[in-house]
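Here the chain labels run A, B, C and D in written order, and each chain numbers its own residues starting at 1.
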Amino acid sequence: MIRAGIIGATGYTGYELVKLLHSHPFVELLFTTSESSAGLRLNQLYPAAPALELIAADQAPFEDVDVVFLCLPHGVAAPTAVAALEAGARVIDLSADFRIADEETYTSWYKTEHPAPALLQEAVYGLTEFAREQLPGARLVANPGCYPTSVLLALQPLLQANIPAGTIIADSKSGVSGAGRAPKQHTHFVEVSGNFSPYSIGRVHRHLPEMEQGFRFWNDAPPKLIFSPHLLPVPRGILSTIYVPLAEEWSEDELRSLYSIYDDEPFVRLLPAGELATLAHVNYTNQCVIGLTLAGNTLVLTSAIDNLVKGAAGQAVQNMNVVLGIEETAGLLSGPAPEFAMQQMDVA
Amino acid sequence: MIRAGIIGATGYTGYELVKLLHSHPFVELLFTTSESSAGLRLNQLYPAAPALELIAADQAPFEDVDVVFLCLPHGVAAPTAVAALEAGARVIDLSADFRIADEETYTSWYKTEHPAPALLQEAVYGLTEFAREQLPGARLVANPGCYPTSVLLALQPLLQANIPAGTIIADSKSGVSGAGRAPKQHTHFVEVSGNFSPYSIGRVHRHLPEMEQGFRFWNDAPPKLIFSPHLLPVPRGILSTIYVPLAEEWSEDELRSLYSIYDDEPFVRLLPAGELATLAHVNYTNQCVIGLTLAGNTLVLTSAIDNLVKGAAGQAVQNMNVVLGIEETAGLLSGPAPEFAMQQMDVA
Amino acid sequence: MIRAGIIGATGYTGYELVKLLHSHPFVELLFTTSESSAGLRLNQLYPAAPALELIAADQAPFEDVDVVFLCLPHGVAAPTAVAALEAGARVIDLSADFRIADEETYTSWYKTEHPAPALLQEAVYGLTEFAREQLPGARLVANPGCYPTSVLLALQPLLQANIPAGTIIADSKSGVSGAGRAPKQHTHFVEVSGNFSPYSIGRVHRHLPEMEQGFRFWNDAPPKLIFSPHLLPVPRGILSTIYVPLAEEWSEDELRSLYSIYDDEPFVRLLPAGELATLAHVNYTNQCVIGLTLAGNTLVLTSAIDNLVKGAAGQAVQNMNVVLGIEETAGLLSGPAPEFAMQQMDVA
Amino acid sequence: MIRAGIIGATGYTGYELVKLLHSHPFVELLFTTSESSAGLRLNQLYPAAPALELIAADQAPFEDVDVVFLCLPHGVAAPTAVAALEAGARVIDLSADFRIADEETYTSWYKTEHPAPALLQEAVYGLTEFAREQLPGARLVANPGCYPTSVLLALQPLLQANIPAGTIIADSKSGVSGAGRAPKQHTHFVEVSGNFSPYSIGRVHRHLPEMEQGFRFWNDAPPKLIFSPHLLPVPRGILSTIYVPLAEEWSEDELRSLYSIYDDEPFVRLLPAGELATLAHVNYTNQCVIGLTLAGNTLVLTSAIDNLVKGAAGQAVQNMNVVLGIEETAGLLSGPAPEFAMQQMDVA
């Protein structure tokens, strides 16, 4: 059995991870921590949760576990990663601290010195489908951001083939759990219900440099990105509508054929022609589904994930599985089916 | 007093119009019709409505009113318009029948012969702010579509100044009332709640030719449009996020100055720099608010309206006011304030 | 013109009051205060609000206004009332401070000394329909709680006629705005959406003594009350389902006839036989609608109000109108119609 | 492996059953039928579903399966049950056809002759926890209604001990999936969102005789029931708030001790003193949780289930497990944890 611990188990990402690891066939969950709720049990915060004891992070026995998951704010995660690594555990970090490989870029976007720059080169950027060579045996994995997961999985086949002919636009919409569990004015039910609002649009959101870094991984002359996140009045799920300018006349079939690299992927799926991605395809699963529509010389991609699963906790478990050499789908395939459904609309 | 009638008063648009006309200081609402509910009273369908009698459309006394509003499906509206005009009434048509001035374009997009082509040239396209010369005294007004209203009001200052340097992308999101009141699988509460879904994206939605026609009104070399509508899990409101490529380096201030044409408009407002449009700005009002964000050589506009008010019934009343020469804001300014609110988010 | 001021204008109740007073034909709104947001303008908090200046409460010029509305927490409201009264203004207090006439009862339920016991006898309990004799000219009005308004208006005709034959049960459901604007864990969108939860059930909620006090006003042997509030995943509205045991065999018609006292009321309405109250009847209006269903020897009442309007700000304006001798419906009748609708269901 | 088939797999209950049986460790799902969608695959209706073929019911090979689940309207289910039984399959009927043991009661409430009265005595009423003696080997199981499951599990310990001293009131609230998947006006998103509405209150809902029948099973002088269902704006979940009059002074501890019969139950749980049942406790699980609050001589129970799981498909699987002698929790325990959470509120 793999022995695991979670630092920060009471936020939405941490709790999602508890649910996945708690029912993972090869994992024993040894500890769960919380700063604000240490001393309580998890079901005092989440009524359907198991009654796990919540301890303070500084009481966490890193030396007793094989892997530590960090569900912490950026800046706080990196020092904890150092401590866990020193105790001999592997670390899967769900914060932003090790996603940006370039220290200067990190500093300029996060307005702070990097807390552990020596680890930046070692950290593996864990977009699992494109990190299978680096992940096995890795000590430190930077779990990708939720928006970047939805955007990069959709674009990667195009970037590899050098298709984009100009600035890419990603118009993304996220459920409210992406804003965290700490109550804020803008996550109050009365403010969100019936509303819909863009925020941090253009080139200012911190996920932008992470996505453009991904572009550079697979492309020598990477396009620029315009990124517009919006807050959706739903608890969970991300849908990114992505616009890619094309230089020459491609047929939809030619473009679709580039996505055959996903044919055997358990968690990424190109939808049939004419079908568009929706939250109903993916919520409560570790799936990313991608729709592809050609409109003149613009390619429109729709890419959907559950922000808490494939966009966070699910991908973290997937990464752990690959790091430790067990079945990549373990603990993920039997996941909950979605609670709702949506017939494709025939509307004009 | 202006005597008015509504053909099709029980759909969401028709009911919104009832509410506006019922409290309009200069209007007497003489009749309200319904095909499916003739013989009932309006409050049997809408519990908070006044107990207006619903009659069949063919019982409507067109000759007794000054103006008839048509809230009918396309194809059905045009013959009714003919009958109302012949009886001497003016017509404000909220369907698509007279929005497309070119008969052939209509036929190819609506897959049917136009039912009254002789009226196409006379009909005034009632995007009120840009039709003030043609509206006074007009016999027939084509009330714009909801999506086109949100997109054209945001783009018009740029089109006039010849700013767009390539394909424009409009990523629009609409509340469910836009899909009509007749129950469908895709408007079932269980299908919509928690979901978010694109539909008819690219260059296939029927509002596309209407918007590109608007481009041509104000621009000699009009750009192409990519239009992606999405269904939002809210009852009402449209937010369009619009991406405009720029040829040369514009400052945000230069671009903002183009919007000074709206400075004295009662119903269109450019938001201060840094503020983005949300549904909370506009729902239950006849306002269109526009946010402007420059991101490199892409201009990102956010434009919000209430689809049932400025996107339909409110603009129809505004048009009636201008046609008949009364105060343009009559019956609209004292409109309900929105029921919710949203602090601008400080999220990165 | 009546000159008015609002202490605490940025909570949900305060903002609702701003909207009503701002469009009231006989009121000039002289000041709006906020402790947390003094120095800002109201539209920085509510994007659709007018740009009213927010001042600190201790800067409020009580001496310049005819009436002051207090939208403050209990305990804080009473001393402010004293100051406003001393400055010569009338006070309409939307807090709980003057609702309970008995000082000891207040102390035992609110766990604190009453801050201004000398005023308790003078304060008029402003359930408007039953306070028309005491309100004209009153200096201090205690605006009723939201739940009590929905319950007392439904029960009063029965209490006067001595109908209830045992313990009354009120099973009430309220929208989230009733929990206030300050963000809390239990008002976070993710916690509320898809959930439904009872709280403070039985005989422990602070609105219980207020309701039982109302029973005593109109009945010599008042029944006991069991009161169960629940949190509904909607922004606004209260529906109370009330169960009244009957001693003898009453016909539904006999019971309905007791409600004829409401026949001429502008804001209270008994629904026709077979129709049940819903939020769609009342939201965004100052209406209370009441459904009456006889089931054996139990009478089931359904009573709906908008918690922010008839349950708070609307009733406060109604009380002001009566206190100052102007038309009772001024500023209230032209209120917004509800945004949604509900056909009576035919479900078994 | 158990071979199973589902008649009526495309409604909300049928689809929930597909999800459970598809991942059940001991079940092979041999066929799924649909009248309206025969010829399609299930994922054409539910985008996250497996691509199961949908056949017409009259093509279903009853003779090849061990058990057939019927998710059909009442009246249609009974003849299908006859056919399946004749082919040698066991039947778990999720309709109302065999819930009411008394033919005359069925006829008077369902306004039709019973289609298969000869089977009424054989059918086992499958409230699993109270049917463990009759279920093993049963040929025909009547799966309880959703509301009755929430009410009877909460009341049974009291009924057995003869505690209720008068009319019981069940004020129940259900998510919209309980109204079925066929689109109706009253399930349109725009009608439901922001609304809350009672329906069929008093003694007229068809689940009333089913509940009173349950009362008689366990009590010689069964109390009467007043039952008030309400439509909640959530996709799923039922919360019943139940009021039981008490004859003598009971302590809460005495009453709580009666619920020790559930101590070893995997799917029924009495909450600790002071905790109330919410949808967040149970959604997406087969759990029923019960809160118990004593208020003078009224006992207030709160009982929550997921209407599609413990209230329908989950209890059906639980019944199948007991009928066929396999582990009662098979296919149910590893079920999805709920997607949301709710801290107990501290509100007065």
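Heads up, the rule we're going with is that a residue touches a chain if its C-beta (ideal position, glycine included) is under 8 Å from a C-beta of that chain, and two chains touch if they have at least 3 such contacts.
Only a predicted model underlies this, so the values are computations on that prediction, with no experimental measurement involved.
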| message | If more than half of the interface residue numbers appear on both sides, call it same; otherwise different. Which is it for chain B and chain C? | response | same
| message | Between A-D and A-B, which chain pair shares more contacting C-beta pairs? | response | A-B
| message | Report the inter-centroid distance (CA atoms only) between chain B and chain D in whole Å. | response | 46
| request: Using mean C-alpha positions as chain centres, tell me how far chain A is from chain B in Å, no decimals. | output: 38
| said: Can you pull out the residues of chain D that are in contact with at least two other chains? | reply: 185, 190-194, 233-236, 278, 280, 283, 339-343
| field | Touching residues (chain side chain D, partner chain A) in the complex | value | 15, 19, 23, 44-49, 193-194, 235-236, 278, 280-285, 287, 334-344
| remark: chain C partner, complex, touching residues on chain A are 12, 176-177, 181, 183-185, 187-194, 233-236
| Inside the complex, what are the residues of chain B that reach chain A? | 167, 169, 171, 173, 179, 185-186, 190-206, 224, 226, 228, 230-237, 239, 241, 243, 245, 276-280, 283, 291, 293-298, 300, 302, 339-345, 347-348
